[in-house]
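Each structure below appears as structure tokens.
Consider the two complexes below, in which chain A is the common component and chain B and chain C are the respective partners.
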Partner chain A sequence: MAGQSDSHLSLFSPEEVEFMAEDELVEIVPNLRMDSLNFICGDYGPFYPQIATQVPLWLAVALKKRGKCTIRPPQWMSIENLTRVLEGERDSHAFQPLPFHYVEISRLLFDHAREDIPDIYMVRSLIEDIRDVRFHKVETNLEKFTASTVTWKNMSAMEVNIIRAFSGRALQAFYKHENEHMMPDTDRTQDRQPQILNAPKRNLKPR
Partner chain B sequence: MAGEESTSAIMDDHETLISTTDVELLKRAWRNEKAAPEILQYESSLVQRIKEQIELVEQNVEMFEGDGIDPLTVSLYQMDLDRTQFLLRSYLRVRLQKIEEYLFHILKTDEHLNRLSKPEQMFARRCTDDLGNHLDETVLSKLPDNYQSVLKQSITSEEDDMVPAPRLDTFVICKAKQYLSSIDFEPEYSMEITEMERDLLTFACYKFIKKPLEKGKIDLV
Partner chain C sequence: MANYYDVDDILMDEEFVPVVFHKAVNGVKIDESTDRGYVEQGSKAELPFWLARELHLRQAISMSVPACFNQKTRLEIQADAACVDLRSRCPYFYEFGCKLAPLCDKTIGLLLSYSFKIRYKEVLYKAHTVAFGAATKFLSFLTKEETNLYEAAQSSMAAFKKWRMGGPRLQRASILGRKRKATD
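Here is the complex of A and B:
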């Protein structure tokens, strides 16, 4: 099926991450009258012209594409908030609180609802800056971790997905080396071992 | 059967009881299944419920088309249907991939075999037979007597050393749905992991968090 990641069992393709983000709720203002929609994923509506209501993002985009609503950009996408977040990101090592799917949500709104976002150029460049600062932080963080479990506060879905493969394997290698003296090698899948032991550089591929 | 329904454990949680739809549960099962190195317990009653809902909506959509309901509404129902079907197919497909990969390993113990649905078990058995026959015919039967086992390198091997097994020391990314303390984890990993904050993204070795995952206290991301 299109968009399904098959090369690595445990990886989500960007399309799949976007698919998950499309279930996040946004507020729309419909311009048509429509009865309630009783979906498998939940009940939405009824819809009345000019009365705001909450729907999943995929539904908002579908209605928007047909010219049946305007989408209200979420609170966190205001210039004030984004400016504050960007400053916070620059000033501290920690990640600022943002929705788990902020990359995908903003991207979908930019693609499909640009005229509904006030000051879109400003908003867009702020989000791009925030993303760059955060991705850079993710990369510098990768140099530091050594423990057997690592936690990250406020990291977003795309960020997690990008470092998943690399850091997973790196941590696995750390864990393995730390425990080598304690445990006899009971590893039966010998074929994969040398890759991790002898060629760590090959694991640097981004995904 | 141990852990037959990990969703039932989730259901105990008052909050989720109110707000969680089956699609949400399926999405969780799909994510967990995709992220976990080994095959997880098949969500039989959840899949059953989802299938019934899909059928119902399919009938409705057909009926709508006949009734001359607004094409926009029909297409929106169709989109909802497509999304749910994608999830279900992807869930089943990931499981099939895992079954194919760890065929002999899964068939070795009842513990693993019981995580499969009946059709999946049939699939696993048929695959094993076919693969076994194929290997016999093309290679193994032509080797000396001592080297003819599908499962072992030679008869001197003490273990089944030709059976690929999932790596349980894979690191996964997870999020606890509630605060977890040391009693939630296996005692043998008490050195490695003692607690987990709610909703905090954590990289952890899969085997450390296997127990709370099976109990539905953790989601893989």
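Here is the complex of A and C:
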């Protein structure tokens, strides 16, 4: 599967990642009465005023734009939870569990449903902080990797997407070079190895 | 393995390699300044890699290490790989080295992986943090492969930042513009 925006690189643009995130379900409280909607992706509704129901994000945004519902911010978007996650991110080396599309979902909700989110400024700055901390972690992880196994749990879609092109190429190059010097006859490489890596450094005179 | 239509691969084959002829060859002229139409046994010349490889496989010549992999470069890479200007030495440093290693000096492989490991980190730092204009000096040191890496990282980061800033949500499909132009 590849994105449409760039034909030869087979990459996703951030907009395409956002498009995929719009399939995530959110809870809305409609203020209209409407029969159920039957889509290829599933049936949603029927909608009754003040009765909460689950719909995909794109539908929620469309209804919200027309003033037909309020969106209930997801559980993880509460200040308590986000503060806890931020602390966890700062303290530990691993990524804290967050929804796969948390960057995109939060962006869409901030754009379209700002009045439905309590303490929006706090929530927004917490999410920005979490994202920055996590991306810094991604970078430090990238520094360490070589052609060996790479296991990072709980990375989100956008974070993966940002480093996709870079890390793909880098891993290929690592793989190529690792194999390059594994391949030739081992006895010769091994006795030459110290010459390159651990050759005596020049002793500079102290001034 | 090597893609026939890959321009980089073709350009890489043009890199010169110093060679020594083992056999006398008639009917060729390597040095323009002489009138002789043949090459003596034991004479030295620089040939493009594609030719040198074929002759090497036929035992007509032996290759020696080109300037970009010589002892001086090795020492520089050992000292600080990130600051070595590899582009001016050979823009296809890694690819060339990979092809050359089995034919002339197998330690090149080690040199390549060592220098890539160090330079990779530098590319990573610069690509995600430094503003585009500030990194130009650093960019001019990078080989083709490293530049590709750098640009990949830079462009996806830029795309993400653009997305985060917002802007027009709807884009005109490129096909619409094209159609109109054709009818004009």
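Basically, the second predicted complex is superposed on the first by the 170 of 207 C-alpha atoms of A that agree within 3 Å, B and C clash if a C-alpha of one lies under 4 Å from a C-alpha of the other, contacts with A are read in each partner's own complex, and residues count from 1 in each chain.
One rule holds in what follows: contacts are C-beta pairs under 8 Å (C-beta built on N, C-alpha and C of every residue); 3 or more make two chains touch, one makes a residue touch a chain.
Predicted model, so just to flag it, every value in this text is computed and none were measured.
Of the two partner chains placed around the shared chain by superposition, neither chain B nor chain C is touched by A:A94.
In the superposition on chain A, contact of A:I79 is made with neither chain B nor chain C.
Legend: residue contacts after superposition of the two complexes on their common chain; A:D23 is shown touching chain B, with no touch to chain C.
By the document's definition of touching, neither partner reaches A:I51: not chain B, not chain C.
In the superposition on chain A, contact of A:L37 is made with chain B only, not with chain C.
In the superposition on chain A, A:K176 makes contact with both chain B and chain C.
Once chain A of one complex is fitted onto chain A of the other, the partner contacts of A:R164 extend to both chain B and chain C.
Residue contacts after overlaying the shared chain place A:L59 against chain B, while chain C stays out of touching range. In the three-chain superposition model, chain A touches both chain B and chain C at residues 11, 164, 168-169, 176, 188-189, 192.
Against chain A, the residues of chain C that register as touching in their complex are 74, 78, 94, 98, 101-102, 106-107, 109-114, 116-117, 120-121, 124, 127-128, 145, 148-149, 152-153, 155-157, 159-160, 162-164, 166.
By the touch criterion given at the top, residues 1, 4, 6, 9-12, 16, 19-20, 22-23, 34-35, 37, 39-42, 58-59, 62-63, 66, 68, 148-153, 155, 157, 160, 164, 167-169, 171-172, 175-176, 187-189, 192 of chain A touch chain B in their complex.
Those residues of chain A lying in contact with chain C across their complex are 11, 13-15, 18, 107, 111, 139, 142-143, 146, 158, 161-166, 168-170, 173-174, 176-178, 180-181, 183-185, 188-189, 192-193, 195-197, 199.
Contact residues on chain B toward chain A in their complex (touch as defined above): 21-24, 27, 31, 34-37, 50, 53-54, 57, 70, 72-73, 75-77, 79-81, 83-84, 86, 89-90, 93-94, 97-98, 101, 159, 161, 163-165, 167, 169-173, 192-193, 197, 200-205, 208, 221.
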